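Structures follow.
What follows is a pair of complexes built around chain A, which joins chain B in one and chain C in the other.
Moving on to the complex of A and B:
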């Protein structure tokens, strides 16, 4: 499954709800304000572990628009909209955490 | 692959409608089919033909219309939920005359229909992706 998160965890607890639900094969994509969760001073150890296994992505345009690029946490992979489409194709059901 | 998209947020409110549009555009450019876009809740406001953003701003309604998503019969597959639309004063010609209201504001690239269209899209498509706030 693909889980998209579009809010910062400073604003809502949708990321935490997502992390409580996620299984071993799921991946997370941060979009919109969700990319704030990809900053190296914002994310949890669980995100760091998931990122280390290549399962955390962030939408590049939204990362750049919010000035997160210089402080992107380790191992988070950037994708463009075509990459977003590919993630949906590859991972089956897409769950939107809002 | 066949995609359905659900948009639950109005234009210029946050970012969901823009993200959904960019996603749909990228999907089409990469050889996928957008079977239907279903506008629900405040998402119905994406269908107003009276939308006039400043010239240097993106035109969310025209962006959606430019995707020209139609079915084999030539009907638009940018579908607006009827209950959500009527509540928010989003009317096509038929709904306006049914309710004795003069004028209508639905952009011709969109059509008004029921929630069954969302369920059908979920059944027909390989993927349903939801964008909202």
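Moving on to the complex of A and C:
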């Protein structure tokens, strides 16, 4: 499955809810304000293990818009819109944590 | 018209919701009425004034540049929560270098942004006539 998260974990618990229910083969894609979760910050430990296993992605345009390109946490994979489509195709069912 | 002290609390990042740009619009309106305006950036609002925002990839207006104009409207009190910055792995050097020209000091260019602790912000807020949260 593909889980998209579009809220900052500093503002909503969408990311935590996603992490509570994600299985061992699914991936997370951060979009919109969700890319704040891809920055190296006080909440980074939430996704550190998942990122280390190569399962955390962030949408590049949203990262650049928020000026956090130089601040990305370790092992975050950036994708463009075409990469977003590839993830949807590859992982089938998508869950949107809004 | 009597002057009041207005403080605008900016608590959300720029593009995920409409709050940030709406706040900026209202700030500019208040300035046009020559009120005493100050801004506070806290929580994810600190991302509004992070340096290096590039919005080409999302097709939205990069209104972060508008913050550079605030000095020309005599809005030069921009307070940023130190705790909110630190929580997000940010520091003052990650913020846009916003300045104003001080007419009482031979128009010398001075920084508008001041990083303050939540305790200091508490004191500044208590001096306000009006606090509007976005």
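The rule we apply is simple: the second predicted complex is superposed on the first by the 94 of 98 C-alpha atoms of A that agree within 3 Å, B and C clash if a C-alpha of one lies under 4 Å from a C-alpha of the other, contacts with A are read in each partner's own complex, and residues count from 1 in each chain.
Here is the rule we use: a residue touches a chain if its C-beta (ideal position, glycine included) is under 8 Å from a C-beta of that chain, and two chains touch if they have at least 3 such contacts.
What you are looking at is a predicted structure, and each value in this text was computed from that prediction instead of being measured.
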item: Touching partner for A:70 - first (chain B), second (chain C), both, neither; value: second
item: Partner chain in contact with A:32 - chain B first, chain C second, else both or neither; value: both
item: Which superposed partner A:6 touches (first chain B, second chain C, both, neither); value: both
item: Broader residue contact with chain A after superposition on the shared chain, chain B or chain C; value: C
item: Partner chain in contact with A:17 - chain B first, chain C second, else both or neither; value: neither
item: Touching partner for A:84 - first (chain B), second (chain C), both, neither; value: first
item: Residues on chain A lying within both footprints (that of chain B and that of chain C); value: 6, 32-33, 61-62, 80
item: Residues on chain A engaged by chain C in the complex (per definition of touch); value: 6-8, 10-11, 32-33, 36, 39-42, 44, 60-62, 64-71, 80
item: Chain A to chain B touching residues, read off their complex; value: 6, 31-33, 59, 61-62, 80-82, 84-86, 88-89, 92-94, 96, 98
item: Chain A-touching residues of chain C, taken from the complex the two chains share; value: 12-17, 43-44, 47, 50-58, 60, 62, 64, 86-90, 94
item: Residue ranges of chain B touching chain A (in the complex, touch as defined); value: 1, 3, 8, 14-16, 19, 22-23, 25-27, 29-30, 32, 127-133
